[in-house]
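Encoded as C-alpha cells, the structure appears first; notes follow it.
Chain nomenclature is as follows: A, B, C, D and E, assigned in order of appearance, with residue numbering initiated at 1 for each chain independently.
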Amino acid sequence: MPIETPDLVLAPILPELILSGVAMLILLVDAARPSRGGRAMALLAAAGILAAAAVVIRQWQVPAADELTALGGMVAVDRFALFFRLVILACALLSVLLGAHYLERTGEGRGEYHALLLFAAAGMTLLAAAADLIVVFLALEVLSLSLYVLAGFSWRRLASQEASLKYFLLGAFSSAFFLYGIALAYGAAGTTSLAGIADALSGPGTSMALALAAGGLLLVGFSFKVAAVPFHMWTPDVYQGAPSPVTGFMAAGTKVAGFAALIRVTTVALGPVSWELLPAVVGVSALTMVVGSILAIAQDDVKRVLAYSSIAHAGFVLVGVAAANQEGVSGSMFYLVAYAAMILGAFAVVIAVSRTGEGRTSLRSYRGLARRNPVLGALLALFLLSLAGIPPTAGFIAKVLVFEAAVRAGLSGLVVVAVLASVVAAFFYIRLIVLAYMEDPEETERVPAEPAPGLALGVTAAVTLLLGILPGLLLDPLERAGVLRW
Amino acid sequence: MRTPIAFFLVVSALLFTIGTVGVLVRRNALVIFMSIELQLNAVNLTLIAFSRQLGEVNGQVLAFFSMVVAAAEVVVGLAIIVAIFRRRVSANVDDINLLRW
Amino acid sequence: MDLIVFWIMAPVSVGAAVLMLLQRNAVYAALFLVLNQFTLAVFFVLLDAHFLAAVQVIVYAGAIMVLFLFVIMFLGVDRREALVEPIRGQRGLAIGLGLLLAAGVVLAIGLGIGLARAPGPAPGGDNIEAVARVLFTDYVFPFELTSILLIIAAVAAMVLARRKARGLPDLADEAPAGREPERVP
Amino acid sequence: MSSFPWLTVTVFLPLAGAVVLLALTPLPRRRPEAGGYGADDPWRWVAFLVSSATFVVSLGILTEFRAEPGFQLVEEAGWVGPLNIRYVLGLDGISLFMVLLTTFLMPLAILASWRVERQVPYFMASLLALETAMLGAFVALDLLLFFVFFEGLLFPMYLVIGIWGSGRRVYAAVKFFLFTMAGSALLLVAILFLAFRSETALGGMTFDLRQLVGMDLPATTARWLFLAFFVAFAVKVPLFPLHTWLPDAHTEAPTAGSVILAGVLLKLGAYGLIRFNLTLFPDASEDFRGLVTTLAVIGIVYGAVVALIQTDIKRLVAYSSVSHLGFVVLGIFAGTLQGMSGGVIQMVNHGLSTGALFLIVGMLYDRTHTRDLARLGGLARRTPVLAGVFLVVALSSLGLPGLNGFVGELLILLGTFDASRLPAVIAATGVVLSAIYLLWAYQRSMHGDLPAELESTPDLSGREYAYMVPILVAIVAIGVFPKPLLDRIEPAADRHVRLIAVEPSSADVVRAAGGD
Amino acid sequence: MTDLIWLVPALPLAGAVALLLAGKPLRRIAGGLASLLVGASFVVSVLVLIDLLGVGAEERTVAVKIFDWISVGSFEAPVELRVDPLSMVMALTVTGVGFLIHVYSIDYMHGDPRYSRYFAYLNLFVAAMLTLVLANNLVLLYVGWEGVGLCSYLLIAFWFERRAAADAGKKAFIVTRIGDTAMLIGIFLAFSTTGSVRFDEVFGAAGGLASGTATAIALLLFAGAVGKSAQLPLHVWLPDAMEGPTPVSALIHAATMVTAGVYLVVRAHAIFEASEVALGVVAVVGIVTAVYAGLSAIGQDDLKRVLAYSTISQLGYMFLAAGVGAYAVAIFHLVAHAFFKALLFLSAGSVMHATDGVIDVTRLGGLRRRMPVTAASFAVGGLALAGIPLLVGFFSKDQILAAAYEAGRTGLWITGLVAAFITAIYITRAYLLTFEGEPRSELHPHESPALMSVPMAVLGVGAVLGGLLGASAQTGRVQRFLGPVVGEPEAHAAAGALSEVGLSVIASAVAVGGIALAWALYGSGRVDWQALRARFGGARRALSRGFYVDDAYGALLVTPGKAAASFSASVLDTRVVDGAVNGIGRAFVRLAGVGRRLQTGLVRTYALAFLLGAAALVLVLVVRT
C-alpha cells in the first residue's frame, strides 16, 4: 500500500515547533536535574518564546506567499495569524516572567510549569493560525489540556485543585459541543477546511439549517473559551482558584487565541451565513457585556472582579466580531492587544500586591494601596481606567474602534447596550480605585517593588498608555500590512 | 434496504443529549466524565455517519482524532479527579464549591 | 438485514446510555457505558467504518474504560450517590433543555439531509487503507499534533501525581468567598 | 497666521508640568516627620509656576486672536488613521474665553491650595492634568478628540474630590464620576454614528466638526443624536433633574476642586451645547428648544429655592450654580444674539464669581473649620476685608449692575425675552431668589453676633490677597467694561445664532419697519 | 461745562473707591473728603445748570456719551448721561441735600469704628443716585437704581452687629429687588417692542405702542417704582430701614433714593400717558398708600418710624400727582419733601444723638428746652409737612390736590384731603410728644454741635423759602423749568365749582384742623392720651404694625415659601431626584447581589447555564432558517 507522504514544509509552524521543542527540552532537563530552580527553566522558556517571536517577526517581514495556507490547507500563513501569534507570544513571555517570580515565592517552582505554559502557548498560536476545523479543535485541546493542569498547578491549595477540576469538566463538556459542531459542519459542507466550508456554503444545495446548527455549536465552543455569557460561569471560579500568573495567561492568551480563531471561523468559514449568525452573536455579545459588568459589582475578590471584567470584555470584542466587517476585525484585533496588555498588567499588580502566592486578593487588601506604593497604585489605576475605557488609554481607543465598526454595520443598538454596560462596569473599576486611593490602608507596610512583576508592569503599562495616546503605532502597521487578506 | 443515514444521526443526537443530561444530573465526577465520553462517542457516530453519507473517509479520520483527544482528556481528567480525591476524599462535585459567588 | 440490526441495536444503545445515568454505583454506570460503546462499534460496521469499529472496541471499551474502572476502584467502589437532587429544578431543566437541544439538532438534520433518505452505495476498496491514506497525507499534520496532546497528557499525569513529592504541606483552605461585598456607594 | 502652535503648547504645558511634578516626587520634604508637606516645599511652587506660565501663554493666544466668526489658530495632525480621527485644535470667540478662564483660574486655585498637606505632588499633578483635559476639550475640533479630553478630565477630578475632599468625599467622587460617565456614554455612540453618516454624506468619514457642520441628516436621526449629545452636556451643566451629583461633588471637593469644578468644568457642558448641539443639529435644537428652555427655567428656580434653605454654605453655593447655569443654558437656547452672547459671557462670569465664592468658603473653612452657617456669624467685625470681598463676590453673583454678573444676566434675559417671554419672566424670579440666598448666607456668616471661638479670626493673608485680587479686578472690569469680551464673542455667537434663529426677533422686525 | 457732567457722578464715586480701598489711612479726613467731593459735585451741577439756563428752553436736552458699555447686535446700552431740566433738578437736589447730610454726618458718626466705610458708602450712594437720575437709557438707569439699592442695604445694615439692622438691610434689598426685577422685565419689553433702551427712542415710540403693551411696560416700570419708593404693597422695608444711621434715613430713605420711583414715572411719563390704566393705577396706588401710611404713622411710637411712614405717605402724594398728570408738581413736591423731610430726619437724628439713641416718643418729652435749635427745626419741618401756608409743603401739596381736583378726580381729591388731615395729626403728635410737655424719662439731652446744626438750619431755610421756587403750578420756576421735559403745565379751566384759591383755603383748613385735633389730644393736657392708648389697644396695635401687612407677608409668603424650599431641598431633591439616582445605583448593586448567588460554585449549575445557552443558540439559528 504505497502512500506518498506529502512534502512537509515546516516553516509555517516553526514557531510552534520551537515552542514545543523547548517545552520538551525543559521537561528533559527538569527530569534530569530536578533540583535546579525554576529560574533556569524560566530563562529557557523565555528564550524559546523570544526565538519563536523572532521567527514570527521574520515571517511578517517577508512578503506574504501566494498561498494563503500551508500544510495541506491546515494552517494559515497570513499576517492575521502572525499578528496574533506575536500577541500571544508576548503574553506568554510576560506570564513566564510572572510565573517564575510567583513560583519562587510559593516554593512550587518546577520545570513543568514552563513546559506546560509553552505547550499552551503553542496551542494558542496554532489556534490563531488554524485553517481547518480539525486543527482548530486539536489546538484548542492542546491549550486546554495544558491549562487544566496549570490551573491546578498550585497543588497545595485546594482552590487551585478545584479550579482545575471545574475548568476541566466544563472544558471537556464544551469540547464535546464544539466537536459536535465540527461534525455537523462536516456533514453540511463535506469538509472541515475553513475555505472549503465557505465554498460549500456559498454554493447551491448546501443545507443552511445544518450549517447554522454547526455554526451555533461552534459558537458555543468558542464562547466557552473566551468566557462569553452564558458559557462563562467557570471563569470567576477558575480565575480565582488558579495561580495568578496562570490566570493572567488564561485571561489574556486564551481570549486572544480564542477570538483569533473565532474571527477566522466566522468571517472565513461562516462568512456566507454571517447574516444568519448575526442575531446569535449579537445576543451573546449583549448578554456578555451586561452580565459581566453587572455581576462584577458584587465581587469582593480582586481576581473575581478581573474575571468578570474579562467576561465583559469578551462581550465588547464580540461587538467587533458581530460587526463582521473589515473595521470590526481590525478593531477586535486592536481590542485584543489592548485587553491583553491591561489584563496582564492588572494581574501583575495582583501578584505584586499579594506577595506570597495567593494572599491578599480580597479587595480589602487594596485599601490605601496608592499610599503604600504610589507607583503600583498608579499602575493599577491605569489598567483599571483602561479596562473601563476611559481616555487616554488603549481601552478607550479599542472601544471606539469596535463600536465604530458596529455602528457601521448598523448595530447601533448593540453599541448603546455596550456603552451602558461600560458605565456599569466603570462602577466596579472605580470602586477598586476608591479602595486604592481613598481609603486608609489596613496594613501600613509598603508594598515592595520587585523586578519581575516590575518589568511586566512596565511593559503592559507602556502598551496600555502608548496605544491610548498613539494608536497609530499599532494600527498603521496593521493597515499597511493588510492583515485581513485571505 | 440500507438504513437511512439520518437514523444514525438521530440516535447520535439522542446519545449526545443523554450524555449532556448526565453531566447535569450526576454528582459523581467520574460519572460526569463518563457522560462526557458518551457525548464524544455520539459525535463520533455522527462523524462516521456523515462520512458514509458523503462516501469518503475524512469523517472517520476526524472520529479517529476525536478518540485520541478523548484518550488524552481521560488521562488528564482522571489525574485531576484523583488528585482532588486525595485531598477531599470525595468525588462528588457538589462538595467542590469552595470557589463561588 | 442492515435495518434490522439497526433497529435492534438502536434501543440497546440508547437504553444502555439511559441506564448508565440511572446507576447509583459508578461501576455499573461504567459497564453500561461499555455496552453502549459496543453498540456504537456495531453502528460503525453498519456504516462501513470497520477500522473505527475496531479502534472503538480496542481503545475505548478496552483501554479507556478500564482506566475508568481502575480509578473507580481506586476511589472506592461502594460510594453511592444520593438520589435526592440538591439543586432545585436541575433535573427538569436538564432534561428539558437537553431535549430542546436534541430537537434543534434533529430539526437541522431533517432539514439538512432528510430523515429517510438512504445512503448511496458504499465506497469500494479497503476501508483501513483508505483511512490510512487520508490520515497520512491530508491529515498528517493533525496527526503529528496529537502527539503533543499525548505528551501533555503524560506531563499532566506526572505533575498531578507527583504532588507531595517536595514535602511541602498543604495550605489551609482559604475562607470561602461568601462575605458580603464591601459597601461602597 | 502664526506658525507657533499656541494651542498645543497651552493645552499640554500643564500636563508636562504634572509629569515633572511626579518626577520630582522623590525630592526631600521639609517636614518629613509630620508626614505632611511644608509650605515651602518645592512642588507647590512648581505647580504654581507651570500654571502661571500657561496663563501667560494663553495671553499670547489673546494677542493672536482676531474678532472674526471662524476658528482660528487651527492646528491639525493625523491621529487614529483608520477612522480618520484627527488631532484638530482651534478656537473661536466662544472657546477663547473658556480657555482664558481656565488658565486664569488654575494658578489661583493652586494658590488657594497652599494649605493642602497630604500628598502635595500628586494633588498638584492632578490639578495640572485636569487643566490639560479642560483646555483640550475647549479647543478640540475633532469630535472624538473632544470626547477624549471630555472623559479624560473625569479621573483627575475624581481623584481631587476623592482623596483630598472632606466628609463624604468618596461618595461624592464616585457619584461625580459615574454620573458624568453615564451621561456621556451615549455621546460616544452619537459621535460614532455621526462619523459613520459622514462617510456617505460627505464622501469620507470624518470626525472634524468643521466638516460635519451642515451635514444633511434625517430629522428623526438628528433628534436622537441631539438628545445623546444633550444628555451628556446636560449632566455636566448640570440641568435639572440631572444635577444631583453637583451639590455633593462641590461640597466635598477641596477648595481648588470646587473652584475648578464650578469655574470651568460646568462650562464644559454649556460649551458643548453651543459647540456641538447647536452647531451640528440646528433643526433639532429648534425642535427641542422648548424642552431645554423649560429645564433651564426649572433649574433656575429650583436651584435657587433649594439653595434658600441650605445651612452648609458650600452646598448653598453649589445649588446657586445649578440656578446660574440655568441662565446660561437659557441664553444659549434663546436663539438671539443677545442671549447667546450673554450665555457665553455669563459662563465667564459664573466661573469668576462662583469660583471666587468657593475660594471664600475655603477661606472661611480654613479659619473656622466649619461650613455650617449656624456656627458662623459676625465675622465682618474681625475680618472686614474678607467680608468686603465676600460681599463684592456675592453681589457679582446675584447680578448687581456694575459687576460682571449683571452683563451676562441682562443679555440672557433680554435675549430670551425677545424670543419667548414667559421663560424670561419666570427666570427673572431667579434674580430675586439669588439675592435672598446670597444675602442670607452673607448675613449669617458676616453679620450678627460673633461666636466667642471666632474672636481671633485673622483677616486675609498676603497669599489670599494674591488670589482674590485678580478675581475682584476681573469682576469689576467685566462689569464696567465688558466690550473687549463682547466684541470677540459676538462674531462667533452670531455665527451660532444664525444656525437656529430662523426668524428675526420681534425687535428686529420693529426696527426694520423703522419703529412702529 | 455740560461735557463735564460725568464729573458729577464720578467725583463721589472716586471718593467711594478711595475710601473703600484706603479707609484706614484716610480715616481722619474721610468725612471731610467725602463732603468735599459731593460739594464739588454740587458745584459742577450748578455750573451745568447755569449752562443750561443759558440756552433756549428747547435746546436744554443734551446727551453726553462717555463710553460703550454693553452692546451686542442691535442692543446698545452705552454709559451716556442726559442733561436736561428734569435730571438737573434731581441732580441738584441729590448733591445739595446730599452735601448737607454729609456734613451733618461728620459729627454724627464721629467715633464710629467704621467711620471711613460710612462715608465711602455714602459717597457711593450719591454716585449711584446721580447715575440714576442722569442716565440716558433705561439700562444705565437700572444700574443706578440697583446701585442705590445696594447702598441702601449697606447703610441700613451699617451696624450689622445688630441683628435687626442686618435683617432690615437684607429686607430692604430683597423687597425692592422684587420691584426691580419687574422693572427689568419692563425694560426688556420696552426694548423688545421699540428696539432700543435709550430714552429718546423708547419714549418717542411710546405714542405708537399698542395700548396693552404700553400698559404692560408702564406697570412693570411702575412696579420698580413701587418697590423703590415703598408704595403699597412693597412698602414694608422702609419702616424697618430706620435701623440705619439717621443721616442715612434722611438722605436715602427720605430725600433721594425713595423718590427715584417718582422720578422714573415722571421720566417715563410718555409711556404712562399712552395708557389710561397705568396712570390710573399710579394715582390710586399713590393715594391709597398716602392714607394707609398716614394712619400707620399715627400709631408709631418710634420717632423715626413716624417719619418713615410719613415718607411713604408723602411719596404716595407724589404718585398721586404723577397719576393725574401733574408731573412738574410731583417733582416740585419731591424737591420740597427732600428739604423738609431731611430736616425732620436730621432733627430726629439730633434727638438720638442727644439721648444716646432713645427715640421712643413715649419716653421723651420736653426736649424743646434743652434742644431749642433741634425743636425749631423739627417744628419748621413739621409745619411744612403738614402744609401750613407759605411753607414749601403748602405749595406743593396744594398744587397736587388742585391738580387732582382739576383733573376731575374728585374722589382722589377728597381722599387727598383726608391724607393731608392725617398728616397734620401725626406730625403734630410726634412733635408734641417729643419736644413739649414734661420729660418722661431720665435723660440728659444736649444740643448738637455746629456741624450738625448748620445743615439743619440750611434745610430749615429751604423748607421755609422753597415755596418761592414753585409757588404756582403754572408759573413756578421749577415747574416752568421742567416744562420742556414733562410737558407744559396747562391752566385748567377749573373743572369743578371751586376756584384755585378756594382749593387752597380748604387744604389749609384741613391741615390746621389736623394740627388742632392733635394738639387737643397730645398737647392740651386735657386728654389723657396714655389712657386712650390703653383703651384702644387693638386699634393702636393695628396702626403701629401698619395694619399687619408685614405679618401677612410673613404668614402668606415667607412661611409657605420656607416650607416649599425645605420641601424642595429635603424631600424633592434628596428623596426624589437624588433618590432616583441612588436608587438606580442600588438597583444595580442588588441585581449584582442576586446574580452573584447564581454563581453557586457548583459545576452542574454552570453546565446547566451552558446547556441553556447552547440549546437557545442552536434553536434560534435552526428555527430561523
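As a working rule, a residue touches a chain if its C-beta (ideal position, glycine included) is under 8 Å from a C-beta of that chain, and two chains touch if they have at least 3 such contacts.
Note that the structure is a prediction, hence the values are computed from the model and not measured.
Ranked by C-beta contact pairs, the top pair of chains is B-C. Of all chains shown, D has the CA centroid lying nearest to the centroid of every protein CA atom.
Distance between chain centres (mean CA atoms), chain A to chain B: 26 Å.
Centre-to-centre, using mean CA coordinates, chain C is 98 Å away from chain E.
With centres taken as mean Cα positions, chain D sits 67 Å from chain C. Between chain A and chain E, the centres computed from C-alpha atoms are 78 Å apart.
In chain E, the residues that touch at least two other chains are 585, 589, 592-593, 596, 599-605, 607-608, 611-612, 614, 618, 622, 625.
Residues of chain D in contact with at least two other chains: 170, 174-175, 178.
Contacts with at least two other chains are made by residues 134, 138, 141, 145, 148-149, 152, 155, 158-159, 165-166, 169, 173, 177, 180, 184, 187, 208-209, 212-213, 216, 236-237, 240, 297-299, 427, 431, 434 of chain A.
Every residue of chain D that touches chain A in the complex is listed here, in rising order: 25, 78-83, 85, 119, 122, 144, 147-149, 151-152, 154-155, 158-159, 162-163, 169-170, 173-174, 177-178, 181-182, 185-186, 188-189, 192-193, 195-196, 199.
Residue ranges on chain E touching chain C, taken from their complex, read 582, 585, 589, 592-593, 596, 600, 602, 604-605, 608, 611-612, 614-615, 618-619, 622-623, 625.
Residue ranges on chain E touching chain B, taken from their complex, read 596-597, 599-604, 607-608, 611.
Those residues of chain A that touch chain C in the complex are listed here as 1, 3-6, 8, 13, 20, 24, 27, 71-72, 74-75, 107-108, 110, 112, 115-116, 119, 122, 126, 132, 134-135, 138-139, 141-142, 145-146, 148-149, 152-153, 155-159, 180, 184, 187-188, 207-210, 212-213, 216, 240, 297-301, 304, 357-358, 362-364, 431, 434-435. Of all residues in chain C, only 104-105, 107-109, 111-113, 129, 132-133, 136-142, 145-146, 148-149, 151-153, 155-156, 158-160, 163, 166, 168-171, 173-174, 177, 179-182, 184 touch chain A in the complex they form.
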